[in-house]
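Think of it as A, B, C and D in the order they're written, each chain with its own count starting at 1.
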Amino acid sequence: MSGVEYLSPGSVAEAVKALQVEGARVMAGGTDLLVQMRVGRAKPRVVVDLKRIPGIADIREQDGAFIIGAAASGAAIGEHEGLRKAWPGVVEAANLIGSTQVQGRASLGGNLCNASPAADSVPALIAAGAACVIAGPKGEREAPVEAIQTAPGKTSLAANEVLVAFRLPKRAVYSGDAYLRLIPRTEMDIAVVGAGVSVTLDASGKCVDARVSVGAVAPTALLVEAAGAALIGSSFEEVALAKLEAAVAAAAKPISDKRGTAEYRTKVAAVLARRAALIARDRAKA
Amino acid sequence: MSRKVVNATVNGEPVEFLAGGGQSLLDALRDELRLTGSKEGCGTGDCGACSVIVDGRLVCACLMLAPEAEGKRIETIEGLADNGHLHPLQHQFLEHAALQCGFCTPGLLMASKALLDRNPDPTETEVRYWLAGNICRCTGYDKVVRAVMDAAADLRQEKPR
Amino acid sequence: MARVVSISSRFRDLTGGLDGLDVDARSVRELVRMLEARFPGLGALVEGEMALAIDGEIHQDALMEPLGPHSEVVLIPRISGG
Amino acid sequence: MSDGNQPPANLKVVGTRPIRPDGVDKVTGRAQFGADFHLPGMLTGRIKRSPHAHARIVKIDVSAAEKLPGVKAIVTGAEFDVGAGGDIEAGEHAAAMKDVADNCLANGKVFYKGHAVAAVAATSPEIAAEAVDLIEVAYEVLPHVVDVDAAMAPGAPVLHEDMFTKGVMPKPAKASNVAQKHVMGRGDVAGAFAAADVVVEGRYTTAAVHQGYIEPHACVAAWGADGQSTIWCSSQGQFLVRAMTARILNLPLSDIKVIPAEIGGGFGGKTTVYLEPVALALSRKCGRPVKLVMSREEVFLASGPTSGSSMDIRLAATKDGKLTAAEMTLRYQAGAFAGSPVNLGCMTAFACYDVEHLALVGYDVVSNRPKVAAYRAPGAPMAAFAVECAIDDLARKLNIDPIDLRIRNAVKDGAKTVYGATVRHSAFVETLEAVKAHPHYKAKLGPGQARGVAAGFWFNIGGESSAAVHVDEDGGATVVSSNPDIGGSRASMAMMAAETLGLPIERVRCTVADTTSIGFSGSTGGSRVTFATGMAVVEAAQKVVADLKRRAAQTWECDVAHVDWKDGVATCLDPSKDVKPLSLKALAGKSARTGGPIAAEVSLNAQGAAAGYGVHVCDLEIDPETGRTTILRYTAAQDVGRAIHPAYVEGQLQGGAAQGVGWALNEEYVYNAKGLLDNASFLDYRMPVASDLPMIDTILVEAKPNPRHPYGAKGVGEVPIVPSLAAVANAVSAIVGRRMTSLPLSPAKVLAATRAS
């Protein structure tokens, strides 16, 4: 890693400027970037560390909505009581990324922009309907989370754009979310499959809104609209859950690799989506 | 190669060292500051042998760039004992024979310290999940978990809440 | 007469397919000499690379051991371990 | 001590749990491991490795790398000059030195991804990395084979054109990947099967797994202008490193001094060399110290692992559960070069059981994988997996409790093993009975849970060891051990010396000496150190005691026969003498005037090691919709002779069981279609983490101390990995409802089997 230049801009504008340089890479927590540098998969000339930008790691509540700084660590997210209460699925997904040590550094911004199909927080954020706040030379723009990943390792962000924050919408009453993943061990693995579900119920417990997203079953995390539709109008009866499972299985286009076979991933994606839907429902009722 | 001067606090002492832009904190600790107690088992954040505490947060020193340490407070295994007095965790690791080869031990101790700093009375399950990022291949974790639980009890006695 | 048997296929290679044979040796040293004379290379193999179970006890380095008149000698690979 | 003698009773130190002498160093970060050394002027080494599974090296062009400023030396396999002499004992077998050398740096051909091709030494890690990139290697890529059965099939790509299967008559006309065929057995197997009431059979496979020590291989080598060199390294045997390095570079042993660093785990994987000859060759070329440290990826690609296997097994039994015959074929991967532990697999497979008719065939098979290294009871866990699963099938078929069935067939003292040893001082039956009586075995299982039981065996060995005991002038003592302390052996060495001398353990320290400071010793491996080196320590301490008694007798002017030594104090038994007892401290303080320093060194070749037997019980449950297994409860029992430091013995049982659980559930070498290892990281290799395991209960069975060791010790380190694979698999099979025959029992495999049954 000879000749890597480390920059720690003090503002978003400075960061955007630093990214004009060829071979510059944004770093938030660094838990993916440093691994890639170590094994030679990434060879940046300049590392632009966002963490010294004021507010970039903050979590704040704004009229019921939450703004999560792109570089907020998993540990900080897990410690934020308001966020935990409003978006338990997003928080549990963020907290599943890596070990305690990795939690001390890993961020939602990094997890999304690393663009791994198996990123834990992404299905949960998509299910939650989260939006990204993106800064570039021409100012800020917003985009839904599902619009960011385009392929493994690729995003729709321009080279000189910086993901600054996530915006989680204000929670309706009777709503809840959940994220589940399957790994062979209890910790430390990359998700073989992940599923995030967010639901809103009416006072009678009937589902009025639902978003279902699955990870590690396609080149990017998928928003499975048919799976959400299967729940809407139901009270989570077996028929609706079977429909949800079928929709997820139909949407899944996994590969077989060292972490799991395509067949296994498809089956388990459906199982996890159903389980997550039920947890989300229970949370919505609580 | 562009090396920058970094000023930080390591185990309570101010230090100044030169860091390359792509150099990890672990390499800086080991090669520049000669604090070789933090170990490299993988270099990719998967084993925890390089666990250190930075501004109160447990991190893998291999997953942090050395220049990021500017202005930070870093705790390493070399600072765990207080003026030659073993920390209750160190004491209990020895009492329980919670180490065999001892290579993962510095990381396990720092991770355990970070746990007990924020949770003085963890359950066995909490200890196991907190330490999941610290691989030990020798012990099967049994004695490690017992040592951490007993050290927690020692610390609770020392400092009644 | 000591009975020499082997579980090593190297023995079989050198003896032309035999699994065992009787040797009138009073010591392992004598045994090694006699094996070498009968099957060139076998004595060296036994001395250099094999452990011996003599009447049920394993000797990793048996060269100095005595043999009884009816000793059973089993040639086995040297055992080490992890 | 002869057979039948019981070890001394009323021990004061042996059997207690003192803090290890090196403990504080290891909890404060002060202990120096292989990568922790730093010398002035030291260079960083780095290795260029093959990207291919199998290829001929057409050309290595180092000219661009040489020109890079900061590059001080580049070496290739041409640098090696394997000296004459026989093979060197290492790990599970004699290491063919030519193969070890070719594995350290390829010679003409690369046999696996990660095979070392060249090495550089440079003034910084960055320059070394750049230089490695600048070395250009032209390859002619060859067809590859990684699966053991495929490697044996006709038409498989042949790795070594000069490999003609040994142990086959007549000698094969064609080269193949089968290095050796082992055949062993006894009795009339066909007849016994024909007469059997019940027969069970199966085909089993296990994946290649890595030892998984957390410390990557590391060394520093410094060549002296006079040809005398020093190597600091982490290994299981400083003498082994010296022998192999000397042979590969054709140097006299006395010109190489190997200083053992602390070792961060080995499990057999550090009983060979990968880096030391390369580092020394680099240092020789540029005259500066060179440090070589593997990355974790390199550890997975190019060191270890142990063999993957495929096995066929048949058991015959009477209807009341007496095993009458067994036949088994074992095919073990050797990796790129001959030398899998398949012979040990054959020898251990039925070592727990008294089976009259046996036929075992083992094949040692090369393929395009890293050369295997010893791993904890090399060869035994895979064989035991097949055997113990088959016995479980038999228990089910006959509706006999699995422990009762094993007790019915257990070897007892006097039984003859298939490899010629007679069973002695064994407590296998007692171990089985201890498990049966343990609350775990009696505990009720919850719905959806199952319990697996399995047994295992390891020979344990003795061998060459040296140790010294020095009495300090103030009455303390130092033990000088010849074996790297991989899991607390300084404690057991110091304890045995303290017991023998009659000193409190705090007054005895233990150090591990370099190759110039103590007599030769075999490696730390084979569960031999507490037994063999311990024997040397005790004999040295006994010599010291004899010397102390002689000095006391001299002082009192009495016959030495009238001097009694107890608890570190000499007492005069001669009633005509009115003298006060003399303590070790008093005698030590006057040593200059009674004949000079008090010290003894003993070198021996320890015989009489007693085998060990283990029995494990595992409770688990499976998520029926995902196939994920959760271990709920685990107990490991073992025949340990006598535990010198029970806490470290328990630790061996717990650590071995944990490794076995990993082997059973998740660990494996995964290859892609190009024959390249696809999971060379801790992340994707998936060793057990703390949250994967419950507490691991232990039962130390001390019913039969080994009378051939002064304190009754048996080796304990290897046995506990052997039963664990089948203990897990038997429980998983019980839940799934069909026999699971292929490790690892990954969620996908288990789910597929659950759905099929």
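Quick note on the criterion: a residue touches a chain if its C-beta (ideal position, glycine included) is under 8 Å from a C-beta of that chain, and two chains touch if they have at least 3 such contacts.
Owing to the predicted nature of the structure, the values given are computational and were not obtained by experimental measurement.
K.L.:
Report which of A-D and B-D is connected by more C-beta pairs in contact.
P.N.:
Most contacts of the two pairs: B-D.
K.L.:
Whole-Å distance, chain B centre to chain C centre, using C-alpha means?
P.N.:
The answer is 55 Å.
K.L.:
Can you compute the centre-to-centre distance for chain A and chain D, using the mean CA position of each chain? Integer Å is fine.
P.N.:
Chain centroid spacing, chain A to chain D, equals 44 Å.
K.L.:
In whole angstrom, how far does the Cα centroid of chain A sit from the Cα centroid of chain B?
P.N.:
Chain centres of chain A and chain B, defined by C-alpha means, are spaced 29 Å apart.
K.L.:
Hunt down the residues of chain D that sit against at least two other chains at once, touch-wise.
P.N.:
126, 211, 266-267, 295, 682-683, 688-689, 691-692
K.L.:
Which chain B residues reach two or more other chains?
P.N.:
Residues 1, 20, 43-44, 46, 129, 131-134 of chain B each touch two or more of the other chains.
K.L.:
Of all the residues in chain C, which ones touch at least 2 other chains?
P.N.:
In chain C, no residue touches at least two other chains, as defined above.
K.L.:
Under the stated touch criterion, can you name all the chain pairs that qualify?
P.N.:
Between chains, contact exists in these pairs: A-B, A-D, B-D, C-D.
K.L.:
Quick check: in the complex, which residue numbers of chain D touch chain B?
P.N.:
Going by the criterion above, the answer is residues 17, 19-20, 22-33, 35-36, 38, 126, 211-216, 262-267, 293, 295-296, 486-488, 645, 647-648, 650-652, 654-659, 681-683, 687-693, 695-696.
K.L.:
Under the stated contact criterion, what part of chain A meets chain B in this complex?
P.N.:
By the definition above, chain A touches chain B via 1-6, 8, 27, 30-31, 34-35, 37-39, 44, 46-47, 49, 51, 73, 75, 98-102, 104-105, 186-188.
K.L.:
If you look only at chain D, which of its residues touch chain C in the complex?
P.N.:
86-87, 89-94, 166-169, 171, 180-184, 211, 266-269, 271, 343-344, 346-347, 374-378, 416, 418-422, 424, 458-464, 522-523, 525-528, 605, 607-609, 717-718
K.L.:
Mind listing the chain B positions that touch chain D in their complex?
P.N.:
Residue positions touching the partner: 1, 20, 30-31, 34-44, 46-47, 49, 76-78, 80-81, 86, 90, 93-97, 99-106, 109, 124-125, 127-129, 131-146.
K.L.:
Along chain C, where are the residues that touch chain D in the complex?
P.N.:
5, 7-10, 12-13, 16-17, 48-49, 53, 55-61, 72, 74, 76-82
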